[in-house]
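One structure coming up, written as structure tokens, with questions to follow.
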Amino acid sequence: MTQPPVRIGLIGTGRIGQVHAASIAADPGATLAWVADPFIAGAAAIGERTGARVTDSAEELIDSGEVDAVLIASPTPTHVDLIELSVRAGLPVLCEKPIDLDIARVEALRPLVEASGVPVALGFNRRFDPNHAAARARVAAGEIGPLEQLIIISRDPAAPPADYVAVSGGIFRDMTIHDFDMARFFAPDIVSVSATGSQAFDPGARAHGDFDTAVTTLRTGSGAVITIVNSRHSATGYDQRIEAFGPLGMLQVGNVQSSTVTFSGASAVEARPPYPEFFLERYAEAYSAELREFLRLVRGEASTSPSFEDGWAALVLADAAQRSATEGVAVAVDLGSGEHGAAAGS
Amino acid sequence: MTQPPVRIGLIGTGRIGQVHAASIAADPGATLAWVADPFIAGAAAIGERTGARVTDSAEELIDSGEVDAVLIASPTPTHVDLIELSVRAGLPVLCEKPIDLDIARVEALRPLVEASGVPVALGFNRRFDPNHAAARARVAAGEIGPLEQLIIISRDPAAPPADYVAVSGGIFRDMTIHDFDMARFFAPDIVSVSATGSQAFDPGARAHGDFDTAVTTLRTGSGAVITIVNSRHSATGYDQRIEAFGPLGMLQVGNVQSSTVTFSGASAVEARPPYPEFFLERYAEAYSAELREFLRLVRGEASTSPSFEDGWAALVLADAAQRSATEGVAVAVDLGSGEHGAAAGS
Amino acid sequence: MTQPPVRIGLIGTGRIGQVHAASIAADPGATLAWVADPFIAGAAAIGERTGARVTDSAEELIDSGEVDAVLIASPTPTHVDLIELSVRAGLPVLCEKPIDLDIARVEALRPLVEASGVPVALGFNRRFDPNHAAARARVAAGEIGPLEQLIIISRDPAAPPADYVAVSGGIFRDMTIHDFDMARFFAPDIVSVSATGSQAFDPGARAHGDFDTAVTTLRTGSGAVITIVNSRHSATGYDQRIEAFGPLGMLQVGNVQSSTVTFSGASAVEARPPYPEFFLERYAEAYSAELREFLRLVRGEASTSPSFEDGWAALVLADAAQRSATEGVAVAVDLGSGEHGAAAGS
Amino acid sequence: MTQPPVRIGLIGTGRIGQVHAASIAADPGATLAWVADPFIAGAAAIGERTGARVTDSAEELIDSGEVDAVLIASPTPTHVDLIELSVRAGLPVLCEKPIDLDIARVEALRPLVEASGVPVALGFNRRFDPNHAAARARVAAGEIGPLEQLIIISRDPAAPPADYVAVSGGIFRDMTIHDFDMARFFAPDIVSVSATGSQAFDPGARAHGDFDTAVTTLRTGSGAVITIVNSRHSATGYDQRIEAFGPLGMLQVGNVQSSTVTFSGASAVEARPPYPEFFLERYAEAYSAELREFLRLVRGEASTSPSFEDGWAALVLADAAQRSATEGVAVAVDLGSGEHGAAAGS
């Protein structure tokens, strides 16, 4: 590893931007060279801690000539334009999900990305969770035989504010999109989507015509059936479980506990403590691993970073689920080979 | 309990008939008075062990004047006629599920049953499993708040012979029907059914146009979403789990273990032994409890026996699932109040 | 099994006598022929339910000529005399533990028992618990290699009344005696005993110079070390666990749960329900299995019933533990081969 | 935290020294100023990565005037002299356990340490494990009531080389010493020690008169009984569990799993993956937390660092256990108040 560190330009300094800034600071293979945010105080705070140069202009960052790659953690509506600018500048991109809420905009951008040969990676961080990754590797190694059923249980700790719901694009595009990618991580050849949504508890969802509760069933070309169970709240805390089932057995990914201590008393036996807070805590390791893989991609090495195509496919599935839940029909989808990858330009 | 034992006439002496014969023998509130089976050797074997009178004619049993109630454990196609004969004779009935594979025959029988006032109970034994029953009671007691999601995982140990598949009525009417009843046990007001089936592994299912793998999503009038995951095989053994989720938490019913011993070694930690064999072993206690509740029904006492209406409703759901899986549409159902009950005629 | 049922004479109709009466009634290989208790109402109540003849005199029962075997469930101080009477009458005996609190009385009885050839079995019921038995069988099968460590955790739900403590013979002879037998079930060649006792919470124990908390360490001739952890109370309920450790791994016997339902909410995750009440509930299956093995012994068949020698050995260990805890020294014991067995007279 | 970082001088660059070097590099409150090791290549390697100055002389490091505190990770026989040099130079010390294998040398050093007022902390890293710490905090908070029983199961993955055994001071001083400190972490007022050792499997232990298997029972002044179960090997991997028991229930600290994935198949159900490798992996977080507490101590802030007295007490217990196991007697100990603490000089 005698290569110089990859100089990263970070765009966006909200909660997730700060997580990435910390990952970059901790990774010996990267340095945070520039930080951009129209909210300049956010950029300045990170600059002070890390020595990064600071700007309120993403363009200035991209044109600085002092970054080797761009990490986009700004609001969703800005993603498409920033990917375009970065790709045109020849700078590899790691972009937070989703690419956009509008599949038309994503598809309009696609030819440029494909023609450019510039690697564009999507921030599907859960692929890098050591537990999910171990389960998937064991499935791939044939431990349970061909995958027949996959159950993904994914519940957030608490419903987001109504304002957020209003612009979120709906539960399928905002929340389930992670689970769609996880489904494709295990089984890329999805051909059909069927979804059921409900307004079970959240006034915000009801006010904006969104669901707070949803179940989505996916079918693959090879006959596997995938079930995604979502809720916008969970008294137990962030609930992230997977069950992969095949002819030889099943692999289950349980929730991470905040400690290994259990209590047994007069009314409860082996009661465990609550789960870690939310995605920043639960997937802390995953964000670091995601960055490491992106650095490999930037350097032109073999990399498992999710690609622009993965981002597109997840959105196609979200759109199909939205339509299925609304119209009460199963929706066929064509994701192509699902094997485009985010492979380096070389 | 100074009442004389209820004299039971048992029709059918196959595997499940033998289970009922044993339950009756063990229950101080019942005696096995008559046993009928065209396969007279089966009836004779039970008669020898129990002292019951034996016949190859169900009619003779019903007309004997020596039975207080009839337990129907004969093949499905005989159920409707035998219920009719019993009800006309004024004899309360406990009939194995399903009433029939053809909803039209069930609905044709219904007016007679309703008009007669004779209690007809259905053999949905899982309601009487102490674990399922405890979870349902705790949900009913409000421990998790209003039910928002219910996940039922139900996998058989091994696919049935192709011959059986051919006459089974399909996975939804044959296997999922138990899960439909379990769904209604927790949430009776189901209004919509959406199902996805697959031929993932079983040549028998493929040969007869049936599914071996299925996921069914039900929605209730109050907005709860129920997911049923089925497979016709399971390397792990008979897999019967439930997860009930609400705003205050979740109740999970795990599988029964054959022992509490775990092994930890170089490659596996806390590995438990395989599950009990199949439904006869797994639900042994449930069959006894089912009989006890039926005896209460016969005596005109308050009883929680599933009713003829419960049998009808499960079949309606199975038909809807079959149609949904075939046509790719969500199917609306109207189960009425779902509260008919099997309550005694008085 | 065309043999006639074994006619049992039951002496003692307290809590444990009633358990045995029920086991005998449920076992097709046995009938309850006579019941004796100076408290004649207890005997009468059982006689009424079972048809057994009733007496207030154990001698009358033994001399009746109408029993094939005797089950002694009377108070401990009567055991030695009743075993002697039964053995002299040529009647096989199943006697509740302990044989006596005084090792001298036990050793005085021993020559008669050995010379008679009449089988005498001891009621160490835990050997027949399916979980303990499975773990022991797997150890014997070499699954963990040679046993190196055995940990037995054994805690009663609540301290007994002070009156009981006064005549109990002390925690080692009254409570740990079961664990000593369990230790010998896994590793018969114990050579050394070291015990530590404490008066941690129970005024009754303090008043009568007994311990309420104790840890006993046993060493075997082959170098295995066994640890027994006892408490006279347990908020969690009756706590009965075993961990057998060897070079290839470990086998752990967990507590039996009253159901498989777990609750997860805001403050506790996967909390299980409390354990079954106490030994009658926890070891219900074990009592039936114990009887079955005794019936085999009576019939002269191969049997695994614990023997008079097992009863003697457990008491030797209890005496050694009492001395060790009092004097602060490790106490050597000589249990001989430990392989006498309760084998039938033939 | 506007204070300048604490300049640490690290003595010893073996496996554990490298762990400390990494913790120091990662902690914003500390810098690694000097590294000393007679094996100069080890020091040089760390110096290259961190910019620390390098020497083969511990004295040069202590006298450099460029360190604020000393971290001693050199071989045990050097500890006493290096503590003395550091304390005389007024430099706070964090010293790996044990202080020395010879209690006489420890007690000879003690007056100097006490008189100096210079804080000396001992590297009992397990106190800083988040799981152990959480359990202890919950016990201290009264969740189970007064502690009555504590069970510590502590097994290493594999026996050390015979050469190591030869100079280790024996299992109690080398391995159990961590568990003695853990026992005192939960219950400082230990008054009696009783131990049983065995040569069950390891030829190295046998050759050098050491034990490979041991059980130690400690009694506290308040009547709690503590059991420590040790083995020098464990097929399951590094096995570190604690059970704290009191009148209101029990708290159990389970092993850390390397992932949350479980496998269920035909022969095993819910089998988990093996544990993390050994102490460096298992207690990685604990080493960082240990350093943080030491930095607080150096700065004169309130700190929970284990003290010189804690190091002395653990050795007293180890000596007592050795004597008990050899002579077969319970050994009384007087640890004084056990509350000396490592409190800062002020």
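Here the chain labels run A, B, C and D in written order, and each chain numbers its own residues starting at 1.
Basically, a contact is a pair of C-beta atoms (placed from the backbone, for glycine too) under 8 Å apart; a residue touches a chain by one contact, two chains touch by 3 or more.
Please read all numbers here as calculations on a predicted model, not as lab measurements.
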item	value
Chains contacting each of chain A and chain B, listed by label	C, D
Of all other chains, the one whose Cα centre sits farthest from chain D	B
Comparison of B-D and A-D by number of C-beta pairs in contact, larger one	A-D
Distance between chain centroids, defined by C-alpha means - chain A, chain D (Å)	41
Approximate Å spacing (C-alpha centroids) for the pair chain C, chain D	42
Inter-chain centre distance, chain B versus chain D - centres from mean C-alpha coordinates, in Å	59
Set of chain C residues in contact with two or more other chains	144, 235-236, 248-250, 255, 263-266, 270, 273
In the complex with chain B, residue positions of chain A that touch it	144, 146, 148-149, 151, 153, 155, 192, 194, 196-201, 213-215, 217, 219, 223-225, 227, 229, 231, 233-236, 245, 247-250, 328-330
List of chain C residues in touch with chain A within their complex	235-237, 255, 257, 263-275
Complex contact set, residues of chain A against chain D	130-131, 134-135, 138, 143-144, 248-256, 259-266, 270, 273
